[in-house]
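There are structures below to look over.
After this come two complexes, each holding chain A, first together with chain B and then together with chain C.
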Partner chain A sequence: MEKIEKANAEALRRLLAGDPVLVDLVPAAEAIEGLGKHHILHAGPPISWERMCGPLRGAIMGIAVFEGWAKDLKDAAAKAEAGAFRFEPNHHYDTVGPMTGMTTQSQPVLVVENRAFGNRAYCAINEGLGKVMRFGGNDAEVLARLAWLRDTLGPALGCAIRETGGIPLKPIIARGLTMGDEMHQRNVACSSLLLRILAPSLARTSKDGEALARCLDFIGKNDQFFLNVAMTVGKALTDPAGGIEGSSLVTAMCRNGTDFGIRVSGTGDTWFTAPVEMPVGLYFPGYTANDANPDMGDSAIVETVGLGAFAMAAAPAVVGFIGAGRASGAARFTRSMGEITAGNNLEWTIPLLDGLGVPTGIDIRLVVETGIVPNINTGIAHRKPGMGQVGAGVVKAPMLCFTQALEAFAAKLGVVY
Partner chain B sequence: MEKIEKANAEALRRLLAGDPVLVDLVPAAEAIEGLGKHHILHAGPPISWERMCGPLRGAIMGIAVFEGWAKDLKDAAAKAEAGAFRFEPNHHYDTVGPMTGMTTQSQPVLVVENRAFGNRAYCAINEGLGKVMRFGGNDAEVLARLAWLRDTLGPALGCAIRETGGIPLKPIIARGLTMGDEMHQRNVACSSLLLRILAPSLARTSKDGEALARCLDFIGKNDQFFLNVAMTVGKALTDPAGGIEGSSLVTAMCRNGTDFGIRVSGTGDTWFTAPVEMPVGLYFPGYTANDANPDMGDSAIVETVGLGAFAMAAAPAVVGFIGAGRASGAARFTRSMGEITAGNNLEWTIPLLDGLGVPTGIDIRLVVETGIVPNINTGIAHRKPGMGQVGAGVVKAPMLCFTQALEAFAAKLGVVY
Partner chain C sequence: MAAEDKTTDGKKPASLLGQPLCVINVGLERFAEDLAAHGTTVQQVQWVPPAGGDPRLARLLSKLGS
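Then we have the complex of A and B:
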């Protein structure tokens, strides 16, 4: 239908025309309107405490203690059970978060402004590897690190980012794609490129050499530091493409460990959900698929803008890392995602494919027609609260989300699919 | 012959067993024994002032003024003509230098120790892009930058490197190969990875935030900062493989803008030289092949250890940059160099080739038998003194070096080839 083609062309134009710039880093309560006490934003579509998986509950218990809303983990669980906390998706507040995706008032958040459209998006700082809250960790070590992020790294980074006057992020991602990053499982290039931009400003705004050294060390040793930046970019790019009447392009994909949810431009803020699948991949020594929680996190926002599994051809090393076959077969992942997307991003190209742009703009019609669902590169959390990461792999978005969305989309347009 | 096979196995073993560690950065006179006043080390095999090309003369004039051995460029040229300076190859002093390769007493040099064999190698700091001495630049801007390297960046980096206790370089290069670097034309990944290791130590040892910021900024904006480190690694790895009786493996390749020279393990310190060829590649706007000087620099030491053009499959983006065809054809460069090498480096592997190690240990017998000469990725200098870089491309080592070497090698062994 011509109306749909026109609407999709406009949605794709907006997706591609965005200009995401890292402009600030401030406590969440300052950036996110309406975020207050006892208010916990989480990854994925809406979900009640009763239906939450282990790691999501673990993270909520931890963050409630961190914010001073509970005296210990047990107290936090009891309070959650009793309805003392307000749970809402990050996505309802222009925000995203990896895995459990905790966002609460005192955590520092990255602020990315899409200068082409004026909207802003937010995401907490990446905590590094090991035992971390995004994988459901909630012990003293996890909370102490969050306190250091809040009290030391966050303020230092905030000063440095403001001193730069804003860091355009599209060129960094473009370069990362020529350096083996796909911005989901692998962010080592972009993390390093961002650090070398930030380091001089950190030095200029720091008053304490040892604290500065610790900040540089923390970022420098965290290959996934840029993941949260890339996710904020994804959110900043997709929001302006939402709410276009007649557009069948996906504007969000996310998971809360129980449900997978998508949003489609033409159907606005409605979530289409289905049970989330189990990632297929590699486990850390001592763990198996029996330990794994179904997939979680808002991080699939990077696939929504053509990165992650969609850009696998740029990152042959990732294919082996997540146990998805031979490195030389990386290109087939990208080509396959090209079957379900509306176009290619000519600013984000893949050298190995002779400059082909990453496939962008998932069309729910193409997903249903071809039977090809989006692939998502992902980490794997332990299914019990407090345990952390046990592996990494690839997960498929459930087809049911797309068939439901297409039915609603067609009904709204008064057509039959 | 069994003797040759045994000797080559030992030479290859030494090439692969090396453990290069960045241990220090000090003024050249402190590191390099016998380097004194009026003493100028240059890239390539030995050459007299009379036979030197334009950019090499330009660099010598500049460095003589920088060291205070001449009052201006004209005076420097007259003194050089009159025999006031002693010219010798870097290679005679465990040293390498890119392009013109100036090494003189007061310049700070990187010190790389090969901990498996105890030898050390040296190279000056990379000056960045634009008008620089390695491309024959010699004006006030060039000399001012060299003074800042000597007085500020050099001492700061020296303190930081010593504070780290030594930085193992093989793992950084291994990672760089998974990030699109081949360590000759492209060093953006390794430059960034090295900076993120150095930054905390720079912060800990710095007393002045603004000077620190300038140092971080200089390294952070120089994608080729790591080139000189990679070259020092090459020199540190190849030196222990020299002087093995009966080995036909190449231990050095270098050029001075007039001659191309190689050394072979079994023939020790003898240089086999031939007229250097012209690179084939791309020129900066406003320049053509008519402006180009024939190839120069000690940088081909990286190809000698399997990097640069030998690792092209790791760096598809480079193929386009130097005008050597389609990016997707990068692998054929590496496979072709596999025809003339004794083995593969299993510590330096290429994801796209499913973990194949870079081809290492150029065998002069294979070069002569196959007719395939080593490819070298390179920058292109203007042929006149003081002009600088005009492009980048690929150059072939002249076959004449290898046929001469094979004759001498055979004569020494008493065999006929």
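Then we have the complex of A and C:
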């Protein structure tokens, strides 16, 4: 259908032409219009408190205490149940968040500007590994770290980023792909490359040597620091590709631990949802699949722009970490995702595939036709609130999202069975 | 020899079963695996019916140009 091909060509052009630049880091209330008191943004498609999974409830209880909206976790749960908080998806506010994806007014957020189209996207700072709020953690240690991010690291990074005049992110990701990162479960190279750029500005703008040392230590020890940056890049790149009449390309994929949701360019802001699946992967010592929560997070935005599992061939080392088979099978993942995408990103290439660009622009028609659903590299959270991460793996997007989207897309074009 | 057994140049065709088999298997991999296990050269072609064989969705896809 010519109209669809033209629309998809334009959506793909926009996806590929984006120029994401890290321009700032400020409290969320300053950056995100409409984000106020008792307002909690979460990962995935819309969901009510009653249907939320354990880790998401745990994170909400913790963030309510952190923001001073509840005196303790029990009080927070009671208030949530009584409807005291307003829950909305990050995606409705140009924002993304990993796993539980908590975004509230006082948390510092990365600001990425897509200079080719003028839009901005936001994401909180990565908290590091171990017991963290993104995996549902909510104890005193988790809240103390969030306070340090808000009071020390956030302001320091904000000054440093502004001092650089903006950091172009596409070249960092391009280099990371040649250094073994896929930008979802492996961000070792990009985290280091970004720190290399930020360190001089952090040093120049810091007034406290000990605080500076702690900031450098925190970023340097966090192999996943760049994940949140890559996610913000994904959001900044996909938003301009939305709302193109006749385009069947996917503009968002995300999960809230209960539902998986996708958005398609030609159907605008409508969510197509289905029960989220359980990741298949490896568990940390002492944990099994019985401890795991179904998949969660907005992080699948990186797969939406051709990274993560779509770029698996760039990161053979991650295949074993997430229990996806042998390293030599990494290319199979990337080639398989090439079956359901409209093109390749020639700015993000994979050396092991002779410079092939990462497969980009998931076409719902190709997903339904081939039966191949997007793969997503992911972390695995404990199903109980407050327990944290228990493993990592690969999860498949549910086909039902794509068949529903296809039917709605066809109806919008006036195409019937 | 009957006329239908000859090729257009009048020569007798080589017997298919009189030479080593090279098989192209389309779809279900198990057939290819069984042949390979018996030493037959097999080229596997991955194929599934469009839309997993759902005629309703396949018809819709066809109208949407996929």
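Couple of notes before you dig in:
Keep this in mind: the second predicted complex is superposed on the first by the 415 of 417 C-alpha atoms of A that agree within 3 Å, B and C clash if a C-alpha of one lies under 4 Å from a C-alpha of the other, contacts with A are read in each partner's own complex, and residues count from 1 in each chain.
FYI, a contact is a pair of C-beta atoms (placed from the backbone, for glycine too) under 8 Å apart; a residue touches a chain by one contact, two chains touch by 3 or more.
Predicted model only: the values in this text are computed from it and were never measured.
Of the two partner chains placed by the overlay, neither chain B nor chain C lies in contact with A:Leu346.
Shared-chain residue A:Glu5: touches chain C; no touch with chain B.
The larger set of touched chain A residues comes from B, when the choice is between chain B and chain C.
When the two complexes are overlaid on their common chain A, residue A:Arg204 makes contact with chain B while staying clear of chain C. Using the contact criterion defined above for the overlaid structures, shared-chain residue A:Ala410 touches chain C, although it does not reach chain B. Legend: residue contacts after superposition of the two complexes on their common chain; A:Ala144 is shown touching neither chain B nor chain C. Shared-chain residue A:Ala78: touches no atom of chain B or chain C.
No residue of chain A is contacted both by chain B in one complex and by chain C in the other.
Interface residues of chain A, counted against chain C in their complex, comprise 1-2, 4-5, 248, 363, 365-366, 368-371, 403, 406-407, 409-410, 413, 415, 417. Across the interface of their complex, chain A is touched by residues 48, 50-52, 56-57, 59-61, 63-66 of chain C.
Put simply, chain B touches chain A in their complex at residues 175, 178-181, 188-189, 192-193, 195-197, 199-201, 203-204, 206, 209-210, 212-214, 216-217, 219-220, 316-317, 320, 326-328, 330, 351-355.
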